Amino acid sequence: MNFDEIRYEAYKANMALKSNGLVIATFGNASAADHNRRVFAIKPSGVPYEELSPENMVIVDFDGKVIEGELRPSSDTLTHAVLYTEWEGIGGVVHTHSTYATAWAQSQKDVPILGTTHADHLVVDIPCAPVMSDEMIAGDYERMTGYQITQSLAERNLDPKDVEMILVSNHAPFTWGATVSKAVYNSIICEEISKMAFITRQINPDAQKLKEGLINKHYERKHGPNSYYGQD
Amino acid sequence: MNFDEIRYEAYKANMALKSNGLVIATFGNASAADHNRRVFAIKPSGVPYEELSPENMVIVDFDGKVIEGELRPSSDTLTHAVLYTEWEGIGGVVHTHSTYATAWAQSQKDVPILGTTHADHLVVDIPCAPVMSDEMIAGDYERMTGYQITQSLAERNLDPKDVEMILVSNHAPFTWGATVSKAVYNSIICEEISKMAFITRQINPDAQKLKEGLINKHYERKHGPNSYYGQD
Amino acid sequence: MNFDEIRYEAYKANMALKSNGLVIATFGNASAADHNRRVFAIKPSGVPYEELSPENMVIVDFDGKVIEGELRPSSDTLTHAVLYTEWEGIGGVVHTHSTYATAWAQSQKDVPILGTTHADHLVVDIPCAPVMSDEMIAGDYERMTGYQITQSLAERNLDPKDVEMILVSNHAPFTWGATVSKAVYNSIICEEISKMAFITRQINPDAQKLKEGLINKHYERKHGPNSYYGQD
Amino acid sequence: MNFDEIRYEAYKANMALKSNGLVIATFGNASAADHNRRVFAIKPSGVPYEELSPENMVIVDFDGKVIEGELRPSSDTLTHAVLYTEWEGIGGVVHTHSTYATAWAQSQKDVPILGTTHADHLVVDIPCAPVMSDEMIAGDYERMTGYQITQSLAERNLDPKDVEMILVSNHAPFTWGATVSKAVYNSIICEEISKMAFITRQINPDAQKLKEGLINKHYERKHGPNSYYGQD
């Protein structure tokens, strides 16, 4: 019984963060989970992207304990662990400090749904979770960041299968998906939507949100029983 | 009788969208038409750019029915079909969600004609078509998007041979031209003009539109009987 | 007697505009002059950068008449011709529509001298020449653009050896220098200074201009009898 | 006894400024010090990055006197010399005119600490040293720039081991570190934090600084006795 598959998935995903311009230096981390075995493969902490390989991905269980690997896992490992524990259908998690999404997080504002580019991916504003309380920060910080994410979604009655991205106030975006490759895709989209929303509001501070009919139409094109986008 | 030529033209055009940074992920689509046979070749839906080939372009007739091809055509196919049906001289159509042009579309504002870069290509603001009515959205949405474009031009008394680009409110830009390669060129120009207009209005919110004399002069340099730009 | 040297210089300069991201499509043109023979080599009109070669540069005299070359010279040729005629020490001229410099030109505003990056190159704001009169536009437009540039500098008592760049209102930047390679360098600097000034004024609309002492100090480091920058 | 090691370190660092997009033309310079021998290797003045080699780095002592090398050292050499003299633990210094950090310097404003990306690296705003007095500018300018930096840090009671970056008003950023490679890293971070802060304040002019608890938590993750980021 080995972990080669999730190691390779996690490796590919971390490298894609770099090649898509979502991370600089050693920022960011991606993980790929195996829910049956309740483990995930994640980037080692502080290692430059050029030195990553499938072999140096770290295998961690859903409590955050290292199962296999020589290196220390990402310092954000416990945040990933919480998302996998709380949400059954999630196969991958990505965290970046991509420029525009992070700026919205620093602004403590949801990214408003202003166009169909946004609606093709989610039908609500990209939520910005509130600043964490001093108690959450002082304690088990990374684990609490995970709960801040799951609770923020729950409070807004959002399903993590419908909304696959969130900003954490004063921090940065987290994304997820059925696979880690989908989670990487969501990070790319989150950054692009954030950039477009920034420019839109600079051009027109009063730009209105997308109207209901258009939101639903675009979302249904890509999702649900009558979807007609893509090849399946 | 085969479709190799328009397939190859459409393929090259779609790849150019990617290499010119106008699309991310699977966003965007380009098509090349043969008006004699009333068909066009268009990008398959949801297929990554790296997997495109001349062979997997889909041949569709002007009613939007697939004539040849294994894959499902772009979900925007019916919008292309309407433009080809309504406008005789159009050989190519391109749709992107390029960042700055999309931000203007989300702002629901025409891109004002502020300089000669703009006037070298069109002598009016880049039109932003109004938000579509709930009836148009709920019904045959993509076909209606095509009519929204052709009607918006008609209402402003603009000829699609003079104005080869438009923004659809809350959506994104569409461009066209005598050839699909000209339509791609227009997408590049539309994005650059949109970016320049954004920066200009940030520097000087009261920046005035280009005066009539300069508009006409620059346009005539490139178009019409006394043009003296280029080699023919 | 041949023109190989200026042809090659002009070719290299035009290619450098492309590789430095200052031009898209067929925008922009660079020329290299030989003042003894009163001729210059310039980019042919409307030819894509990938198709340029030293051989297809066009040789034109200082009145704008083609001396040698199969292709039509740049539509901006007469502007270059005026600068060479009016200013003896100028060996190269460059015209681009680079994004940020063009946005300032569209704003009809000088680029304010806000830092030492600017002062290392010129000790005054980058001048923005006024919009041309209807008479100048209607007549010999490109030649008049040249005179608009030389007159604007003269009216401000600026020497083209000290100030090697200008914006033409609603149009775009022109730069020059002792060699065309210096003119290309000035185009790169003009764009970067324009971008920095835009961001500075967005951060702080009241950002003050650089004080006299700092302006002079930085300029003297690179220019004049006591310069101590570079290797000669 | 030779200087090959610091020459190579300095060379690599200067090339990294270019490949990370922090410098254009001949802007910027990096140096690597040997505190035992009280010398440092620095970029030659005004030489294009393509022509740099370990061999043409210039060896200078802590008074700024050239010890070995054919070329004139960077015009900013004396600023580096002061930092090495005043601060014992510093192994490298970097100076760039990177776009966003320079814009903040031109704005004469500290870069506010708005998020954890910033707090991961320093727990205070990036300081912007005041404009230098006319006396400092007129005299030994580059040496005085060094003292402006060390005094500004001292006046704010900041330790150069905790705060490894500063902006000099109307000029640009300087960074340093235990090694020159760390100083380059700090230049990359300084530019990215500056860009994020710019966008944040454009989105929300009232965006609040990061609260104390979060500042400390993120900084302790990477620094100090209980750090748990990276592999050592």
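A few remarks follow.
For clarity, chains are labelled A, B, C and D in written order, and residue numbers in each chain start from 1.
As a convention for this text, a contact is a pair of C-beta atoms (placed from the backbone, for glycine too) under 8 Å apart; a residue touches a chain by one contact, two chains touch by 3 or more.
Values in this document were obtained by computation on a predicted structure and should not be read as measured data.
Where touching is counted per the definition, chain C and chain D have no chain in common. Overlaying chain A onto chain D using CA atoms gives a rotation of 90 degrees, to the nearest 5. Using mean Cα coordinates as chain centres, the one most removed from chain C is A. Counting the residue numbers used at the interface between chain B and chain C, under half appear in both copies, so the two copies meet with largely different residues.
Distance from the chain A centre to the chain B centre is 33 Å, each centre being the mean of its Cα atoms. Averaging Cα coordinates per chain places chain B and chain D 46 Å apart. Shown for chain A are the residues in touch with two or more other chains, namely 202. Every pair of chains meeting the contact definition is listed here: A-B, A-D, B-C, C-D.
Chain contact summary for the complex, chain D toward chain A: residues 114-117, 185, 188-189, 192, 195-197, 199-200, 202-204, 207-208, 210-211, 213-214, 217, 221, 228-231. Those residues of chain B that touch chain A in the shared complex are 24-27, 44-47, 71-72, 75, 97, 99-100, 102-109, 131-132, 134, 137-138, 141, 170-172, 198, 201-202.
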